[in-house]
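We call the chains A, B, C and D, going by the order they appear; numbering starts again at 1 in every chain.
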Amino acid sequence: MGVLRLAHVDISAPDLELAAAYYTQVIGMDISERTEDSLYLKCWDERDHHSVAVRFDPRVGIDRFSFKVEHEDDLDHFERRIEQYGYAVERVSKGDAVGQGESIRFETPSGHEMELVADITKVGGRLPLLNPAPYVDGLVGIAPPRLDHLLIHAEEVPEMAHFMRTTMDFHLTEQVLSGEGHMMGAFLQRSLKPHDIAIIQGPNGALHHFAFWLDDWDHVRRAADILAYNGISIDIGPTRHGITRGNTIYFFDPMGTRNEVFTGGYRPDPDFPTITWTEDQLGRAIFYYEGRDNGRFLTVHT
Amino acid sequence: MGVLRLAHVDISAPDLELAAAYYTQVIGMDISERTEDSLYLKCWDERDHHSVAVRFDPRVGIDRFSFKVEHEDDLDHFERRIEQYGYAVERVSKGDAVGQGESIRFETPSGHEMELVADITKVGGRLPLLNPAPYVDGLVGIAPPRLDHLLIHAEEVPEMAHFMRTTMDFHLTEQVLSGEGHMMGAFLQRSLKPHDIAIIQGPNGALHHFAFWLDDWDHVRRAADILAYNGISIDIGPTRHGITRGNTIYFFDPMGTRNEVFTGGYRPDPDFPTITWTEDQLGRAIFYYEGRDNGRFLTVHT
Amino acid sequence: MGVLRLAHVDISAPDLELAAAYYTQVIGMDISERTEDSLYLKCWDERDHHSVAVRFDPRVGIDRFSFKVEHEDDLDHFERRIEQYGYAVERVSKGDAVGQGESIRFETPSGHEMELVADITKVGGRLPLLNPAPYVDGLVGIAPPRLDHLLIHAEEVPEMAHFMRTTMDFHLTEQVLSGEGHMMGAFLQRSLKPHDIAIIQGPNGALHHFAFWLDDWDHVRRAADILAYNGISIDIGPTRHGITRGNTIYFFDPMGTRNEVFTGGYRPDPDFPTITWTEDQLGRAIFYYEGRDNGRFLTVHT
Amino acid sequence: MGVLRLAHVDISAPDLELAAAYYTQVIGMDISERTEDSLYLKCWDERDHHSVAVRFDPRVGIDRFSFKVEHEDDLDHFERRIEQYGYAVERVSKGDAVGQGESIRFETPSGHEMELVADITKVGGRLPLLNPAPYVDGLVGIAPPRLDHLLIHAEEVPEMAHFMRTTMDFHLTEQVLSGEGHMMGAFLQRSLKPHDIAIIQGPNGALHHFAFWLDDWDHVRRAADILAYNGISIDIGPTRHGITRGNTIYFFDPMGTRNEVFTGGYRPDPDFPTITWTEDQLGRAIFYYEGRDNGRFLTVHT
């Protein structure tokens, strides 16, 4: 299979108490583990150790994003391919990272640290594996079942998209082309979703947002209610994307990292043809209802 | 009973063909009647002749708004009370207005022409009165079941609210007070809804918007899809009001009149206490998710 | 105005602890007051002292249903009309009933005790009257905002419907007629809803169900999830009524009283014409999706 | 990748006109091709030639079900593995089946004809590949975006499940075990859904149902409205499965084949552990709200 899905996004923030309060009470994640300088969080339907890690740092930023591969052997396979592509790969031994076994890390053409890992500690979800009710009692906050995707910036989108496709077999579901035919945005998937990772033109190394999945449009409304009730700054939404067709809200965690709740979309198999958006339709591509960026969406990142 | 509900809003527009296309294909109303200079439209679940009238005029504006009273006798009763209050009342004879019988018209303290009418021609809804299916086949566009309310401007909101309450027994469900305690907004009902008419401080005689009812939050999404698909300019939304608790989209008809689709809210009985909003909370009162006006909402009207 | 709305339904049950657990944890009502033999409960958006009362009794049944009138004077007015109609009226003094002032009680042609009351103690809802957020945090269970209606049985439906219309000005929104034209079901309203009370042919004095309002179809799903999760016996649903057009679930409280959650419907003004269902369409009238009664709906009552 | 997804279900029916009317007007599929004895249908968001084929035959039944593989080479690969497993494989040449290229067919341990195909004629979906609006105008009927899964019967469920897992790498997401630990039901996936195919104990060769995907719970309601409005026989629902967590309606096409509309569920990666249901919880496993089979669900099939 190779790369399975987005495993976790590791960010930094200057206030771990505030991060813990927000990600558990407003988002409704569970804390799996807490170390001296980091917080490891998971959604109720995730069985892996964490899908979001927050490390204390005076600066808000992204440390790395991590994708899960199916087998330990995949690490060797991808190490070779990435090195052949020309990027140095570092091995992280079991025990050197919290909640997971051996992994490989490398810098991407977009200037991010990316990780591949096969072995993540299973801590289990909120539902049992024997006769599970389809309803979970006692959830708090927005309570998304799982992490969905992330969006990063890259100075050279085509370069980063090419790297992801060539070395790790990502599929290009959608792309945005400038008037001159230059790729300004790329949407890539490995898990039969509109995107597991998206790349938009911007400063190398920057995180635009990461997104939680919601099952239903009504949960999007409830998320907006909860965000507003808790005084969280909503960037835009509830609205709809042209790209991915998904319904969405963007908002900022109290430390400044942009989050999203996302639902809808479609199921692209490997034989799904790439959808192309032209720059003159960028407004509708990003926010279908507004027909234009809100002036903050393409400029604010961490 | 006295005043029952908002009966119809009569606007003017410079292009009746465009108005007909928009109100039938995008909103999904039915045309009840067409005269040389006017268009009479109704929603599928309304039985009365029309809830929106559009008269040809080079200028976009509002001609009048009309409320239905229960009995013919109510016209005499309200004529007396309005004249005693100090406003001149004009009788319009049966036959002088399309689709309805005798009515009374008068200028309000807000500089609008208001009408009361008991007898409106029943043209029937899309559902039969014998064994009606709860589902209507073949609707097009947004297809709201009915008109819900309108919002007008008034230079002196307290004066207009007092007039509506004193002469026609409207109930004040919510009010917005300035720091000095001046009433800047008033929400008034006669039909056990958060509002049948709202009044916001602004130029006398101006219409802010009229609103169609939708049954469900999912219909709000579908409305946004249809509006965007048809290139209609969305002012704001889908979002939620603090005032009324309703979910909403504001948008402009192609001639420039602001429309709304609205759902939710609560059921205020006559013993419902008035809710008060203070000016410092005006942002959340108007748009709960955004927490602020969009800079257009309080300035653009017709 | 006269009669405003259904105020409260007073039932009896053999286990007050079980009743308290169910109505607070599964339904999500608040306990307003508890006396030696009774439990008084209200929904979060209700301001009155209670909408459901449960009295300890070895037998499950209905003690009475109570409608709110607008003014104290209305009690005199309705006392006269009901006595003229031929039914004895009893005055209950302030202090003789918990949570309310003076009331009148009388036996109806359907063999129920009915009450009218103007003065109910205001204990307030969960939302403040100053700058209320449209979202309520910390609700548990289904958490309906309010009681909606009740359905009772009567041996002679036309007689009971005539009584409600003649003495208390109820409007007949829908009726079911047998092949011979006999009225088998009557749906009556005072608060611009499809029904505040419904009457179906059956044993005098029996309660079929009382219903809580939900705002949205998605809340109906959530209610079904919560009911099933808590092992509550669902009678039928989620489904839809032909009559009233509402979406619904019927279920039994642990003591045996049928409850309903209900959403949707329409807004019938006083000039709303009566909808008629014929007996051969009774299946679709009751359960539009199933097209037939489930064999329990018309036979089980308390 | 190997097996990608359920490609098409080929059924037989005694009335092609009725089938065409139902599958286009009620379900809302498009007809891709019509031959002398068969009808080829697809959903609006499917790009392949067909997902349902209906062949004229006096008897209602299933001809075969077909899964798509990624590459032509996969056909050789799976031919070998299936033959090694002990089942004869037939090659169907390009041109011998409508709307697709070469395929392999074989009888399964459950007595069904199964097909694998790599090359299906692309006829395209309703949305363009250049700047597609996320909303499709002019759909009729229920209009599901795509086929989702099928459920077949097998006398020996473990044997069939073992065959699917061993020869074609299906993943077992959920299983139902009898008191003696015998596998009575198996849910298998290849496309990161709760199931692409399910197997329930019953007569070999029988089809229980095939299911269309819906994006939202509100679309489930709308589907129920449309089904009831068109007089389609609803088997059960709207309700919810314990197994898969999905929301659902079962109903019969006018010729007698059971259809389903389905939404929700979860996303099982290859490392997703198998969920086990015990026979004593079978009622909740199948219909979580009812807590029991409706007496027809496990006995009626085609």
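The criterion applied here is as follows: a contact is a pair of C-beta atoms (placed from the backbone, for glycine too) under 8 Å apart; a residue touches a chain by one contact, two chains touch by 3 or more.
Note that the structure is predicted; figures quoted are calculated from it, not measured.
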* Asked: Counting shared numbers against all numbers at the contact of chain B and chain C, is it over half, same, or under half, different?
  -> same
* More contacts between chains, A-D or C-D -> A-D
* Asked: If you take the mean of the Cα atoms for each chain, which one ends up farthest from chain A?
  -> C
* To do: Could you grab the centroid distance between chain A and chain C? Build each centroid from C-alpha atoms only and quote it in angstrom.
  => 48
* Separation of chain A from chain D, taking each centre as the mean of its C-alpha atoms, in whole Å -> 31
* Cα-centroid distance, chain C relative to chain D, in whole angstrom -> 44
* Structure fact -> chain B residues touching 2+ other chains are 133-135, 216-218, 225, 228, 240, 284, 288
* **Residue numbers on chain C that touch chain A, as the complex places them** => 133-135, 137, 216, 218, 225-226, 228-229
* chain B touches which residues of chain C in the complex? -> 1, 4-5, 45, 47, 68, 70, 129-135, 145-146, 191-192, 215-218, 240-242, 245, 264, 266-267, 269-271, 273-278, 281, 284-285, 288
* Structure fact -> chain C residues touching chain D in their complex are 217-218, 221, 224-225, 227-228, 234, 237-240, 247, 284, 288-291
